[in-house]
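You will see two complexes here that share chain A, one where it goes with chain B and one where it goes with chain C.
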Partner chain A sequence: MTQYLIRRLLLIPFMLVGISLIAFILSHSVPADPVNAALGEGAIGKPDLVRAYKEHWGLDKSLPEQYLVYLWNLSHGDLGNSIISRRSVAEDLGDAIPATFELATAAILISLLGVPLGIWAAIRHRKFADGLIRFFSLIGSSVPVFWLAYIAIFLFYTNLSILPVGDRLDTGIKPPTHITGFYTLDSLFTGNWSALGSSLHHLVLPAIVLSLTTIGTIIRVSRTITLDVLHQDYLRTARSKGIKELAVIARHALPNILVPVVTVISLSYGSLLSGTVLTETIFSWPGLGRYAFQSATKLDFPGIMGVSIVIALIYIIINLIVDLLYAVLDPRIRTKAA
Partner chain B sequence: MELKVDDLQTEVVDRPGMGSGGLKRRRSWTRQVWRFLLANPLMMVGLIVILAWIIIAILAPVIAPFDPVKQVFKDRNKPPGGPYLFGTDELGRDIFSRILYGAQLSLPVGFILILLASIIGTTIGLVAGYFGGWIDEVMMRFTDLIFAFPTIILAMTIAAALGRSLVNSVIAILIVWWPAYARTVRSVVLTIKSQDYVLASRAVGAKNFRIMWKQIFPNILAPVLVITFIDIGNGILIFSGLSFLGLGPKPTDAEWGVMTAAGVSNLDAWWRTTFPGLAIASVVLAFNFIGDSLRDLLDPRYKTER
Partner chain C sequence: MTKFKGVWRGKYSLALVLLMFSALVLGACGDNTATTAPAATTAAATTAAATTAATATTAAATTAAATTAATATTAAATTAAATTAAATTAATATTAAAATGSGGTLVVGTVFSSKGLDPAREYTMTAFMVMHSVYQTLVTYVGSDVTKPVPDLAESWTVSSDGKTYTFKLKSGVKFSSGNPVTSADVVFSYNRLKNLKGQPAFVTDNMASFAAPDPQTVTITLKDVSPDTLSLLTTPSFGVIDSVTAKANGATDAVGADTADKSEDFMNNQSIGSGPFKVTAFKPESEIDLAKNPNYAGTVAYDNIIIKNTPDVNIQKTSLEKGDIDFALDIGPEQADGLKGAAGVTVQQSTSLIIFFLLMNADASVSAPTAKNDVRQAIRYAINYKDYIDLGGGSSITPPGIIPIGLAGALDKGDAPVTDLQKAKDLMAKAGYANGFTIKLSYPSDLTQNGVKFETMAQKMQADLAQINITAELDPKTIQVWLDEYRGGKQPMTLSLWGPDYNDPSDYLTFFPGQKLALRAGWPAGADPEMEALAAKAKVELNETTRESLYQQAQKLLNERGPFIPYLQPSQVIGFRSNVSGVSVNPVWVIDFNRTSKK
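Now for the complex of A and B:
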């Protein structure tokens, strides 16, 4: 297990190199003057500034050398400056990461509902409830999220005006003291009730819309796995001993369903973090997804590279945690590892 | 993009509900299909909806009540009713007609997109899996590279870098889409290439290309086709997503994602977004109905990943 872990950890730098390489190739295939783009028109009259910038990024060297310079800066946490915000990309991302994490966490908590729904569907295999739940899960993964977001906004914001849209707090309410970056948690910790109410209020709509993109998958996987487990011999044995069906499922089936279900939930969580582009853009949620959209459409390559590297890193780390969770949840893996 | 060829390779015969009625009576082919569809209503609904959209796409010029690009200024932002079944947009164009014409764009684009991704991915996966060695290594590391990059961000960036157009958005999606096929096909090829019939073919002196084309390709064709077909819905979904973000077809094109995006600017004119969105949802849902039914049927052991 430790060996496996070390191998996984060693892979991370290679992944990062791969991502930065793609972004680097992309950024150099676009005909634009990087100095002009990064420093703006104002830098034309300031040769010192231009020279300093060129030196910092090695722009007077060959392309492979430039890439190495970029990697060197990257390894020192220097992601460059965003062309749009004119701030350092690292700083921008520092603000965006907790916003996306808060949204994705809320969404995954909502989509946890999919687990009991999937298990229920499996128990009622090929009955009405199964059909209904399957139908619902398919709708969840078929409906375009941007359209769903619009319908939600139209109903709850435009018409009923019971839920706000845009940003993480009402205008006029100051963000709570930064502890975790999650506005809901921070305001809870600091006892800032107006901020807590406002941040929860702002979270509801985007979180529900986002959760519908993953709940379908979670239902489907939970259902398939439960079906698989329900057909196993040990369940038949348990039933033949006269144990009540509910107890059979709770005591004998559930532990075996848990491991794969935890996997799919964690992977969905990972995909949510990069899958927030459309939702965040529509709800003006200042997270990674919207940042990625703005950088991509404005061809802000430092921004694109930074956001891609961060998302990939998060994804890798989540995968790693999933593997560790296996060992915790499944005694068979634990003994094998020991 | 969860592709699982292994699950789809299972023999289809002798499944309850598949209509293979055993040895007692031989049923006609059409009757078998009919029984199969009756046992799988989701599949039937999916097929009917897709068939309906194909017919709509072909007959759009005949059945559309208005010219999809004709602007009637006095009838701007009209709600549904009167001559305008789904209302009109900000330029007074009939939304119903535009949706019908939109089928001419979304369906072929989704189809061509996934077909190309599948052809490129299959070719590369086949070559990589068959030859192994450094060819395999190079090709698979290349797919790793693309996989490592967050899909939607890569697609957005490429589309933005190439400039807004329908073809460019298709190219952008293609670049992020084929690696999934390459990996799946490669893993299947790895299991097939050591089969006796392949070894026999090599023993009698068949050339590499001939073995790939005559022995291996026919054996991966069926599962790849099934996956490709199911994937068309996903293709349409991501294509409409890109065009919603303004990275696809021109704003004037009658395309569902573009129409949805244009409607968002005016929240009160709910019909401008609702109906194009429903069109996308219905097509994608239909493909997913079929895909889900196929998975359920072809995977009778409810095999799980472990």
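Now for the complex of A and C:
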């Protein structure tokens, strides 16, 4: 087990180099010049300003040279500065990542409801509850998230005035002392109750909207797998022994359902973490998705590279955790790995 | 087991039905409250403040002017729709007392375009808005009038007889937020830093040879060439004066080589060291900029705090304004303005922006043979249905009479605006030998929306207009960065583009004349039209204002007759704000001067 973990961890740097190379090639193959994106009409006509800009950002060097410089800095933990905003990419990501983590975690916690709902739908196969849950999951996974967002905002913000929209805290409330970057946790740790209330209040609507997209998938997968499991011989055996249905499901079916469900949940979590441009834009949530979008549209190479590496890292780590979780959940894998 | 199922099915369905029902009822209630708002307030809310190219006649060069604000008088409550009113009501800007310093907090919703706040580095709308509130310039503009500079840090100024040396006397007793006095050394430091930092805004100092401080209250600027746009340039926030003592202590330098030697960027981005009415207290580039009253500011300060929030979604901006969560919505377009009609407590102010949307037709025969012929270009000029674009722009949109927008000195009269005449267009096409038309690529930035108008929509409209005279325009959408590359390369046969003023002077439009930057993109080199070039060159250095304006007008008339550009729309600028805010007028460079507004 430990050996397996070490092997997996050792692979990470190589994967990151691969990812950075792909990201570098892809972003530089766009037929546009980052200088155009960075300089306005006034400066672009002045050769000395353009030259000063290129020299300052190393854009006058050849592409392989630029990539090697980037790798060298990266190996020293330096993600560079954005060529558009000139701010440190690491610093910007340091602000954006916790914001996205907080939102994604809240959304995935809500989405976990999809597991019991999916199982229940399977138990009630082709009955009313099943139809209702399937309808709900269909809406969740097929309706565009921006539309859901606007409807939710219209209802809960515009009409009912019970939930706020935009930003992570009410206007005038100062963010809590930075510990984790999660406003809810930080305010809880520091006993900053007004910030805690405000941050929870601001989290509810975007988290629910975001969870609707993942809950649909989780319900569907849980339901399908449960249906499959429910017809297995060993369940029939268990039932025939006179064990109550609830106990049959909890003790005999659930362990078999959980392994694939965990995969779906963690992949959904990964996709939520890699940022959700639309939700973050509509709710003015200063997260990773918006940062990625801005970097991409402005051809901000260090920004694009930074985001790619962070997202790759998130996926690598989640996959690792999932593989380790399998071992916990499934004794067969445990034996194999050991 | 059967019992277990039945009970749950019943409970679950009941709960769900109840939930859905209550949601519907509550939703409906919300609607009712919105529509049954008291008639009086609704009427009051629709009052339109007209600032179409406001003609504030504030006396220039008097100290009095600096402390008075040109507040557009709000039209009477009887004026119905804000949109139409703004277009028809004459701009009656009256001089009123400056903001009374009512205190409180102003909350502004806008789409952030800025990551920093350093006057020598940033060149974006959001930064200009903040800089104008925290840094003072030698001279400035008041209200929406951008033709007459008035004193800000300078008390008075003189221009040498050869027009190349400007001497400014500073007001005494002005202090930075740090408490340090504002001296001529600070001005010279700020200007040299702007020049030597070689950042985006450095080009504004191009014509300035040197800056000097002969005594603590005097600043002289020596120009390379005579240039009547100097005062206008000095009003831009890039010329904001920073506290040189504090700046130097934090790594700033104004020496040659500042582009690598200046280490103050982080410092300058996160606070302000100016003498304006406000100072920056917090800067979060993704979400919020906080300003607080500068305790050392000599004049009245309208608010204790200003909070500028990044609101990237314009529909949310509109909703937040309606709910009163923000006092200003700066990025709403014509669509949101329509949606706000009749909204209680909200004023929508439409004014004509200084942005010009234009069609570029390449005059280089090797790039595009048909449009190299002036008859074809003139035919297109007569084929465009200008009125349709005004509908797209909404509110106070107009058809610009020339490349210099109405509202700037040197603009042509509204009567000179192009008209649609299909017959004439067809005749010209026949004369050019293209009676059966031709096929041409029409490029445009497909992801760009400016002042609420999508380039995508305008390109489709243009395609239809061109089809009327048998020109088949093949749409060539590109994302803005790719489009910019092609546009700046000058190889597009035909493209839709736009120009907004870098500073409020017609000289910013000389770029459209042969041999200049924009003209080269249209394949129009120097020597292409000597008569026009001579006029433009004369206009550039003419010091007599009346003669100067007339020269610009003559040059533009020729540009309309023979040039490769058709300015087809000057769109509306929509600003939404709570009706308890007054004194709102729009400046094309820094948008809103917050200290000249007030909130009841």
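Convention: the second predicted complex is superposed on the first by the 282 of 338 C-alpha atoms of A that agree within 3 Å, B and C clash if a C-alpha of one lies under 4 Å from a C-alpha of the other, contacts with A are read in each partner's own complex, and residues count from 1 in each chain.
Everything below uses one rule, namely that contacts are C-beta pairs under 8 Å (C-beta built on N, C-alpha and C of every residue); 3 or more make two chains touch, one makes a residue touch a chain.
Keep in mind the model is a prediction, meaning the values are calculated, not measured.
**Student:** Can A:299 be said to touch chain B (first), chain C (second), both, or neither?
**Tutor:** Touch partners of A:299: chain B and chain C.
**Student:** Quick one: is A:150 in contact with chain B, with chain C, with both, or with neither? Answer first, second, both or neither.
**Tutor:** In the superposition, A:150 contacts both chain B and chain C.
**Student:** Using the superposition on chain A described above, determine whether A:228 touches chain B (first), chain C (second), both, or neither.
**Tutor:** The answer is first: A:228 touches chain B but not chain C.
**Student:** Tell me the contact category for A:85 with respect to chain B and chain C: first, second, both or neither.
**Tutor:** A:85: touches chain C, not chain B.
**Student:** Pick one for A:282: touches chain B only (first), chain C only (second), both, or neither.
**Tutor:** both
**Student:** Is A:158 touching the first partner chain B, the second partner chain C, both, or neither of them?
**Tutor:** Both partners, chain B and chain C.
**Student:** If we overlay the two complexes on their shared chain A, which of chain B and chain C does A:260 touch? Say first, second, both or neither.
**Tutor:** first
**Student:** Please report the chain A residues shared by its interface with chain B and its interface with chain C.
**Tutor:** After superposing on chain A, chain A residues 30, 150, 153, 157-158, 281-282, 297-299 contact both chain B and chain C.
**Student:** Note which residues of chain A are touching chain C in the complex, please.
**Tutor:** Answer in residue numbers: 30-33, 36-46, 48-49, 52-53, 56, 82, 84-87, 92, 95-96, 124, 127-129, 132, 150, 153, 155, 157-161, 164-168, 171-172, 245, 281-284, 286, 290-291, 297-299.
**Student:** Over in the complex, which chain A residues touch chain B? Could you list them?
**Tutor:** These residues of chain A touch chain B: 15, 18-19, 21-23, 26, 29-30, 134-135, 138-139, 141-148, 150-151, 153-154, 157-158, 220, 224-225, 227-228, 231, 260, 274-275, 277-278, 281-282, 292-293, 296-299, 304, 307-308, 311-312, 315.
**Student:** Show which residues of chain C lie in contact with chain A when the two form their complex.
**Tutor:** Those residues of chain C that touch chain A are 1, 4-5, 8-9, 12-13, 16, 23, 26-27, 29-31, 34, 105, 107, 115-116, 121, 123, 198-204, 206, 259-260, 265, 269, 284-288, 307, 309-313, 315-316, 319-320, 322-323, 325, 447, 479-482, 484-485, 488, 499, 502, 511, 517.
**Student:** Taking the touch rule as given, give the residues of chain B at its contact with chain A in the complex, in rising order.
**Tutor:** Result: residues 42, 144-146, 148-154, 156-161, 233, 237, 240-241, 244-247, 257, 260-261, 263-264, 267-268, 270, 273-274, 277-278, 280-281, 284-285, 287-289, 292, 301-306 of chain B touch chain A.
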